[in-house]
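Should a chain be cited, it is by its letter among A, B and C, assigned in written order, with residues numbered from 1 in that chain.
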Amino acid sequence: MSGGNVKLESLTKRFGDVVAVDDISVEIQPGEFFSLLGPSGCGKTTTLRMVAGFEPPTDGTILLDGVDVGNWGPNRRNVNTVFQSYALFPFLTVAENVAFGMKYKSVPKPEMKTRVAEALELVQLSGYENRRPNQLSGGQQQRVALARALVLRPSVLLLDEPLGALDAKLRRTLQVELGVLQKQVGITFLYVTHDQEEALTMSDRMAVMNHGRIVQLGTPEEVYNEPADAYVADFLGVSNLMDAQVERAGDGTSPCRLRLGDFILDAEAGQLDATGAVKLAIRPERIHVNPYETGGANRVPGMVERLVFLGSTTHVYVRLATGAALQTLVRNDGGELPYSQGTPVSVALPADALRVLPDPGVSVAEIRDETAGDQLLDLTGTSTS
Amino acid sequence: MGRRQDTYDRRNRWLWIGLAAPGAIWLLVLFVAPFYVMLSVAGGSVNSFFQTAVPIWNPLQWSSANLTAVWHDIVGPGSFLGPPALRTVLYTAIATVISLAIAYPVAYFVSRYAGRRKTLFLVLLIAPFWVSYMMRMLAWIDLLQQGGFFNRALSFVGLPGNTDWLGGKSVTVIMGLVYGYIPYLILVLYAFLDRIDQSLIEAARDLGLSKWRTFWSVTVPLSKPAIIAGTFITVLPMLGDYFTNQLMSGAPSTTMIGNAIEGQLESPGQTGQGAVLALMLLVVLLIPMIYYVVSTARTSREMA
Amino acid sequence: MASTVETPVSGASHLEPVAWRSRPRGNPWRRPWAMEGFTWLYIIWSIVPIAIAVLFSFNKGASQATWQGFSTKWYVGSQVTSVLHNPSLHHAVIQTLVLGGLTTAICVPIGVGFAIGIDRWHSRTSNGLNFVMIFSFVIPELLLAVALFLLVTQALTFIRLGTPAEVAGLVVWNISWPAIIVRARLASIGRTYEEAAADLGASRMGAIYRVLIPLLMPAIFASAVLVFASTVDDFVIVEQLSSTANTQPMSVLIYSNVHGGLSGPSLNALATIMLFVSLLAALIGFVAYRWMTRGERTKGTTEALTGIAGI
């Protein structure tokens, strides 16, 4: 079956007093790899389960290819799920697992066999037909779960943090493989994860969720480079959030002038017409750390607090004279770094990389707590301005 | 995930009710109802011609004749039920203490130190389950007979070998009780002890406690639920035991309450009184039973 | 304070290492010989009497203490006293098997359904029913047997004494085995597999039939074996609810003949048969259990057994 358009309109789910999903609306295009990203408890899994049919929505509609399936059971919808725990039936072989759903589609026996073989080939597990799930590794089990869902040719495939139980290296390999697989098969993938790296790697578009709402919707580049607020900025990678005051708001032509502690900086990204207290964000790869005497615009003196060797890169933790703690990184390209722990330096925050974000009224530390997850190592603790 | 469970369970409510129904009906008809019948017989009268019990179904019409008769049997001038009652409590207490003293070390050893031989030990400990109770008692009857192995072994080492062990000795009955009930106890203790997190004990050792101290300060408190559960499933059935005495002794000097109940029920005209006695025993057991059930339900809810 | 060890953190003198006040005594890793010996003693005390009784059922003579040579006369040889030829002994074996089979066949399906239903039907009624089921587990059997006898003779007289009443009573008495064991297993299974089945197209009953029951098979089997063994062994309920001598199973026959009556070795032979019937059931159950769980990572034996404890 073709199609694969998923439309959620004002979808809400309440569990007693708790609002798990709060009035979300989004349209997913056929063939899109769409991710729902957010920390635990943000409502992403509940949303997925509603699309799958395991939870009835409290309010709103779920349209699959234009059909309102809100009240349909999971077995009627042309949607299949890959569970976090894979849920492979331990008493069946791999082939029997994959063939499980075909019985309900009245697929004739010979065709079943060929389709099972096709599905296993698709996930690169040909020849594993007679193995049992407990004889497979985690990654292999996950692929069987994929095959079992894909063999039924659903219009949408739902994936509930499928890579969560795997170790880091395997996870990265499978992220790429899943992306390739999706393009190969051409089905809409609705992917739920709390790992921003996964979402950035695989998605065509993604929705960042928090407290049951969609906070930002866009492509990975848009969400990473142009986060709508401090929360999204900090959730997707390191944001180096700082508190600042607007001196002069920007208009169409001039940048926003801000006061960061004792220093004046210009910012050319984000909400330039903001006034009053704002948050500033800058990605670590855009920061430059230079010798103390270096001059130029948008520079703040600081001190290198710690260097962490991470193999291909070194993370540099600097503390600005204003008290703010920033992270940046340098590639280890064979040369020696011109500074070490304790060296006074001059930190450049290029205006076009410096992003003004509305102040949500909470401290940087509190935002960090909310988005806590797979961040880069933060060894400087919670000490910020 | 609690939420996922709630939705699935709630959506399929009628399915669960349907599945549970046959068992529920069976329990109600053949477990709960019989006790009402027992109440009706206890509060009933006797057909003087046939000497059979005539139940009175209406609670408002229950007579207290049987109750009074039994009460006199217990505390009145011609009382004969007092001794069995006391004896029952005594035997049960002693047998339970002995059983615990044996079962705990065994269960402790198998759960903590058996290592690779754990399955072997478990099989050996479970074996009595498969050996029927009859066979186990029969085996001891054979051994304790006048010409049996036990007496012969005694005379072999010079002790008198002609004691009639099966003729009404409390020791034999108590040993029979222990032998009969201890497999259940061991298994329950084992199940609980096996679940004790080894790292708690290791942490205690790591913090400086000696083996003894660790045992008393850590293992014993952690074993409390095990011992309580084990005691319950030993004591409660044991109080109603009558067959151990019959097999191991058969003499009136060692009768337990169970024998008294059975005797009365068999005697013509005394069925009602037997019912009263049985109900008395039930009431006595009801409070600890409720306590046990409530605490089990609470623990399983906590563990869920 | 006279420590010669340098402390990295100043002012924390209470954290300095202290010389051991006493030498560690003994080997902390030595094997617990005493406990192991005690355990073996218990096992011997537990099993040896049975072994002797079994052995002497093959005794040529009638003595329980003097070995007079090997013979199977108590089983098949003697025309009068062997199990094969003596009618009442003969019938007892058959009756035991009949009771065991019927009870298991009724009790297990009902018990399994009960376990699944009660586990997921969250209400006060289900909690109450669960209480009742646990009561049936701890109550002295005599009380239940008596109550059932009165029920059957005074009220529901259509349930005739003898095999029908016995089976009815045995099913009630044993329903806690499948109820508890299957329920314990249910807890570790969760709902995910059924959801996966539904996701793949199965209806509610379909998911239970195709997925839940196969997942529960080991527990179902374990409980079936226990019900069978418990029924074979039972004599309290059976005795109370029996009618004529013809419906006496082995357990009751032995019980009523222990102090006199049939000769000793015949009883031994009968009891040994009972033993082997139970053992066979246990063996079949164990083998079937291992075969069924060959696709799963479970602890096997220990899991089935711990289910009994009501956890």
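Operating definition for what follows: a residue touches a chain if its C-beta (ideal position, glycine included) is under 8 Å from a C-beta of that chain, and two chains touch if they have at least 3 such contacts.
Remember, it's a predicted structure, so these values are computed and weren't measured experimentally.
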| item | value |
| --- | --- |
| Pair joined by more contacting C-beta pairs (B-C or A-C) | B-C |
| Centroid comparison with chain C (C-alpha atoms), farthest chain | A |
| Chain A and chain B, separation of their C-alpha mean positions in angstrom | 59 |
| Chain B-chain C separation of Cα centroids, rounded to whole Å | 15 |
| Intercentroid distance (Cα basis), chain C paired with chain A, Å | 52 |
| Touching two or more other chains - residues of chain C | 192, 195 |
| Shared interface positions of chain B, touching two or more other chains | 4, 8 |
| Interface hub residues of chain A, defined as touching at least two other chains | 54 |
| Residues of chain A defined as touching chain C within the complex | 52-54, 73-75, 79-81, 83, 85, 87, 89-93, 100-101, 103-105, 132-134, 148-149, 152 |
| Residue numbers on chain C that touch chain B, as the complex places them | 28, 31-32, 35-36, 38-39, 42-43, 46-47, 49-50, 52-53, 56, 63-65, 109-111, 113-114, 116-122, 126-127, 129-144, 146-151, 154-156, 168-169, 171-172, 175, 179, 187, 190-192, 194-195, 204-205, 208, 226, 229, 232-233, 235-236, 250-251, 254-255, 258-259, 264, 267-268, 271-272, 274-275, 278-279, 281-282, 301-302, 305-306, 308-311 |
| Residue numbers on chain B that touch chain C, as the complex places them | 4-5, 8-10, 12-13, 15-24, 26-35, 37-38, 40-41, 53, 55, 102, 105-106, 108-110, 113, 118-119, 121-143, 145, 147-149, 152, 179, 182-183, 187-188, 190-192, 194-195, 211, 229, 232-233, 236-243, 246-247, 250, 258, 261-262, 265, 271, 274-275, 278, 281-282, 285, 289, 292-293, 296-297, 299-300, 303-304 |
| Of all residues in chain B, those that touch chain A in their complex | 3-4, 7-8 |
| Touching residues (chain side chain A, partner chain B) in the complex | 15, 46, 49, 54-56 |
